[in-house]
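Below, chain A partners chain B and then partners chain C, in two separate complexes.
Right, the complex of A and B next:
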């Protein structure tokens, strides 16, 4: 199956992602399986077993250990990978700011899945969107190809000396992880040309010993956090640099922190993220044919947050809706809350849908635009409505 | 875009057939496909669905299909139980004729070859109803994506059903 040559294959999002990890060549993979991420770590363990990936695969006893182990390996100076989902992400939550604060550029795949209770193994974005403040870069893919490509882009960005921050690549559970589609798998030589070897001085070194993962009192703690914030903001430019380099190497071009669709003169814009964006674009195209100036913004990165990109894309918008698969009870979806910050008081509508794997149909997206054009604001649940108390 | 909905019972291989159809169709450059199962409880014998979308352009919408061009039933009891829509072609795995449906005795064809599931025979029968993929592309997809020990028998089942189906 793998002779290092470029090939075209019909793969699930999970299988494609594992192919991307193999191309990035981590030296240590520590992971614990959880639906719907399981196939990624199964494939990687097979690749290690058959010798097509020269890595140490450590099957740890929990997600907390998975990330702790990845930090340890990264502190030894090698490229590392882990993957998780849902309860697993929450179980490793204690370690997430640790990895970010320790400036360990680990890449992690998160298969977006609902969080309990109710217990539910299906896709939504509640897991990752609950962890926006943990210090990691967060990106959201919309296809298996983008997921695969994001592995290479993620390592480039995370390991860049100006960034040195861990990177979480999100794939919608089932809608991406378990959906099969055609994927172009790059040649190994091209991947190696794109992604430089991992080099860091933030590692254990007996010749040049240094203090790592240390304590800091009130006088210094804020300085470290300031530096982290600056590093994630610097990732904006590094993402652009990485995507330019990627386009030159592989011929596929990505669009930075957001992807805009018909936003130039759009009066009604739907902002969303992940796999549902394609459906939203189809609906916007239908509305355009009917004379409605509709547009769609797909957020690709939640951290760093695309303030400037959204401000530009929403310039002509009279009203803006956000479609997301999460709810912060008592407020709104996390994306809605963040997008409000760039709207300068314009009407905003939050649509919460797809929770626990619920299918989002074209009529649901049409209904969002209908409500937006009718002047509706606030937050409502697709299929249920707004909350009345 | 051509949308195919597969109805089967857990263990009949409906999703494998949905996936092989997408793989066969996309062997030719410029063709796109999505294949995914219904995301619900997975239990042997319980009704399940799978979806294949085929197009010559990238397919943006990943939602479940609501109006299928072709609906395939790997189990005839599901056809009776689910009272299918009138629109589109219906293909049923059945030993005798069913009003309003194209039938093929995929269970018997598979059984003669020692295959416990009707999925690849139904895939061959479906290929006879479609302009693409061709039968040889179905066989190549089986070669690429099924375990070696299963390939010959399943290709034979697809061929037998492809040639054995009586077209409407």
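Right, the complex of A and C next:
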């Protein structure tokens, strides 16, 4: 695995991700282990030890320090990586907008996991979806291969001069991080051809000293936030550019901010994200064979949010459901709330499932489509139902 | 001794702002001493230029000029640390506007 040649290997999502990070060649990795992310940093520390990754691996004492350390390294002008999950992501939450506002293009893997209480180490998307406003680009993979590829795509996009924004790649805890699949590992030379060296003037420089991470009072602060917003919006075009370049280099093509399945004439569309999308597509295919015009949209990027892509994909939809593994108590799942914005008042159904690692079965997805076709709207919990008070 | 100097801020157009919080260091765009109620004054005959006050000033407003100690009143907040730290009593705090 260390000879630099392209090869196929049987890897878990964490292991594949670590291979992707090694190909990207960060100079500093600062991380604190947490289930189910632990394996990715274990593999990276082994790679540093065996010399196949020329990086400084810093064992920090907390996630708050992990991201602070990554910012410091990035401010020294080098490519950096960190990884976390769940409570760890929330513990570093103070640093998330700091990295985004400081425009440090750090790439972080987040293993999606439930957040306490109740204490739970299993997978759901509550952690990352609670941090949509922190200023980071957010992508969600559905396979170990996509996770590996997203490392390279993430660095390309994050470091692009038009973007300069940190990038969080999400892998479903256990469902992706701990399941194995055959993965194509690109050759190191191809990865280097795809990903240019990291260059930034947002760094410490003895010849041209800078004030960094400064304050800005009323009258100035909003301009910096405006520029952050514009940069993340510009990431739409850079994601497309990166994926085109990726396809030319590696022969694998991705589909931008969303991935559509049979949406062209679909009357009932299920919008989801992450690894469960495969199951949703299987169910949609079964429904198609039964004469139901079903479709699936997999959201790949929550930030920048795919407004235009969703509007196009849902054009023929009479009703739309969202399946997600999080709940904002008192409202709905975060994805449902955002998707409502493009529906122009059409019926919408929010299905909350998979919380705390609960399995989502094909029958559960069939039930979403059944409810949708029966005209049901609102929010319900899979296996429990809608809330009545 | 290099102390920050006052410089006109770049414009207020969007393009005048940097992308992110990083910008050329070494200058300030506004005076900041408006709440000072007492000011340090040097008794030059007692000063031996040990520069202890320079090292302790939290705002970098003590400097040497032409072989004598000087204070940058555009930024001195009047905290009095320099007077406290001076072993020779060469700095006295005088009431502003008295």
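Methods note: the second predicted complex is superposed on the first by the 389 of 389 C-alpha atoms of A that agree within 3 Å, B and C clash if a C-alpha of one lies under 4 Å from a C-alpha of the other, contacts with A are read in each partner's own complex, and residues count from 1 in each chain.
FYI, a residue touches a chain if its C-beta (ideal position, glycine included) is under 8 Å from a C-beta of that chain, and two chains touch if they have at least 3 such contacts.
Note that the structure is predicted; figures quoted are calculated from it, not measured.
Trainee: Considering only touches as defined above, state whether A:102 meets chain B (first), chain C (second), both or neither.
Mentor: Touch partner of A:102: chain C, not chain B.
Trainee: Just checking: does A:164 make contact with chain B only, chain C only, both, or neither of them? Give me first, second, both or neither.
Mentor: In the superposition, A:164 touches chain C alone.
Trainee: Return first, second, both or neither, reflecting whether A:181 touches chain B, chain C, both chains, or no partner chain.
Mentor: In the superposition, A:181 contacts chain B only.
Trainee: Who does A:210 touch here: chain B (first), chain C (second), both, or neither?
Mentor: After superposition on chain A, A:210 lies in contact with chain C alone.
Trainee: Can A:300 be said to touch chain B (first), chain C (second), both, or neither?
Mentor: It touches nothing on chain B or chain C.
Trainee: Given the complex with chain A, which residues does chain B contribute to the contact?
Mentor: Checking each residue of chain B against chain A gives 19, 22-23, 26, 29, 31-37, 39, 59-64, 66, 141, 145.
Trainee: In the complex of these two chains, what residues of chain A are touching chain B?
Mentor: 8, 10, 122-123, 174-175, 178-182, 275-279, 281-282, 357, 359-362
Trainee: Hey, which residues of chain A end up touching chain C in the complex?
Mentor: 101-103, 164, 201-203, 208-214, 216, 220, 223-224, 226-227, 231
Trainee: Considering only the defined contacts, which chain C positions touch chain A in the complex?
Mentor: These residues of chain C touch chain A: 14, 17, 19-26.
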